[in-house]
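The first chain written gets the first letter, and so on, giving A, B, C and D; residue counts start at 1 in each chain.
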Amino acid sequence: MAGEAPISASAIRMDADALNAFMAEAFPHSEPGSRGHVVAAAPGHIQARIDPNDKALRPGGLISGPTQMGFADMAAYALVLAHIGPVAMAVTSALNYQFLRPCRPGPVMADAYMLRLGKRLAVMDVRVWTDDPDKPVGQANVTYAIP
Amino acid sequence: MAGEAPISASAIRMDADALNAFMAEAFPHSEPGSRGHVVAAAPGHIQARIDPNDKALRPGGLISGPTQMGFADMAAYALVLAHIGPVAMAVTSALNYQFLRPCRPGPVMADAYMLRLGKRLAVMDVRVWTDDPDKPVGQANVTYAIP
Amino acid sequence: MAGEAPISASAIRMDADALNAFMAEAFPHSEPGSRGHVVAAAPGHIQARIDPNDKALRPGGLISGPTQMGFADMAAYALVLAHIGPVAMAVTSALNYQFLRPCRPGPVMADAYMLRLGKRLAVMDVRVWTDDPDKPVGQANVTYAIP
Amino acid sequence: MAGEAPISASAIRMDADALNAFMAEAFPHSEPGSRGHVVAAAPGHIQARIDPNDKALRPGGLISGPTQMGFADMAAYALVLAHIGPVAMAVTSALNYQFLRPCRPGPVMADAYMLRLGKRLAVMDVRVWTDDPDKPVGQANVTYAIP
């Protein structure tokens, strides 16, 4: 059974649909547009998308920092779950976010990459971007504790 | 006039009421309970409070990471504004958040302290706590770019 | 015996002398002036001092960033050891350093405070300063993994 | 003249030899083996190498955290200089280091990538590795202030 196999960074246990279904159930109170969803999942990498609503805007009409950080956290959470499966309760232990460029309104993408998946900690690199993945609006390092 | 004085970490230009009024106008789309408010402002320090609603909960019934990070960012933003005044447009350039303890439902407090207020960057230490300020649920380092 | 007691943030198992003796043995290759030493240890807090030599200077005659970061790491390591004792092998899992002010030549002090001492991770706040503890030259968040 | 052109992330002003010559002059007190050197420079990316000596070892025979952090800082400094040229005095404003895997003795490599080169701040991603670049021993986010 999958649940008995060791955790591995070279195989995933949940695909994009399974991840989205799990998160919709886990966060019943969050609104559409406030959380984003997974569009692709592969070993060591997931891609996510969010279509922020008006509540996500900050002065100047840009997408707010907390929206970006919450989205990066979601992408990292999905990447951990993809590898360890829906059984475990993982929690963020640290999130470092660098704001690099103005985040203009419209769809926002995130690419989350596994830097290291250990038994107790998963460390990930998340790039947040809008029109050009090579010019990210933000970059996050996210550490999750695995129970 | 206040607007012509040099920026100083030893005096504030906006008190708690002025800060709350400014932020309510700056973030017209945010709901009560999603942003928090300033309860006290002094040179080098502000204290803020948030009463998170159900949308702020994560699996396990705890207050979510993005809620905590957004609240820490708001406290840092208020601390910068308190010192530079409402005229300028400050933006977060980096936010590092350490999740230290489970954040149980109920009012959440933040104490934001100025580590350095420079001409171009403000670096702040923010402690987020619930029942005991000496046992913070989270700690943030927040850097704002000052235009 | 101390070694059998649970780890606690409210009592220390090693004082300044014991910490310095342990670290001198653990780092036999490091030179005087490159590592610093503990001057005081108490529950939740240690203070350390370093007298950097010429090799620690960077262009402009200031004390280099790596010297400051290494010193902050040493202070955090000593703070962990003070609480868990010399038996365990703790390793840094993350270190975030904010450079706040120029670090002028001369003795440098560090105050390391325990933010949370868990079973697996210790998270600490370290303030590095020269002449005025209220105007730190740097601030670090250091996370140690406890085996 | 190069000195009058605007700063650009798409062209470099110093190659590996020029960077190494500049840093040798800037850090006259540092020993061989304590600083590392640049092996390749291109727009947006430099690669560096260090051959740490015995003083760089920590308990357990691994390469110490401060050695890794100092090396990552050097790589970031070289990447900034490659783009802005030797005229300007850049200083680190923040360095966040994630320790991912044990760093075994032997040559250590760093790949530093520019995330954003602004007028006032440069933000970089640095990967530190030994035998396999896809399994980094450490990852750093480094921010430099550009005068």
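Everything that follows uses one rule, which is that a contact is a pair of C-beta atoms (placed from the backbone, for glycine too) under 8 Å apart; a residue touches a chain by one contact, two chains touch by 3 or more.
Keep in mind it's a predicted model, so treat the numbers as computed, not measured.
Chains making contact with chain C as well as with chain D: A, B. Just to note, of B-D and A-D, the chains joined by more C-beta pairs in contact are A-D.
In whole angstrom, the spacing between the mean C-alpha positions of chain A and chain D is 28. Remark: chain A and chain B have CA centroids separated by 24 Å (rounded to whole angstrom). Computed centre separation for the pair chain B/chain D is 33 angstrom, with centres defined by C-alpha atoms. Shared interface positions of chain C, i.e. residues touching 2 or more other chains, are given as 93-94, 96, 98, 143. Taken chain by chain, the contacts link every pair, so each chain touches all the others.
Here chain D touches chain B in the complex through residues 93-94, 96, 120-121, 143, 145, going by the rule given at the top.
Those residues of chain B that touch chain A in the complex are listed here as 26-27, 29-31, 34, 54-55, 57-60, 64-66, 69-70, 73, 89, 91-99. Listing the residues of chain C that touch chain B in their complex gives 96, 98, 100-101, 115-116, 123, 125, 135-136, 139, 141, 143.
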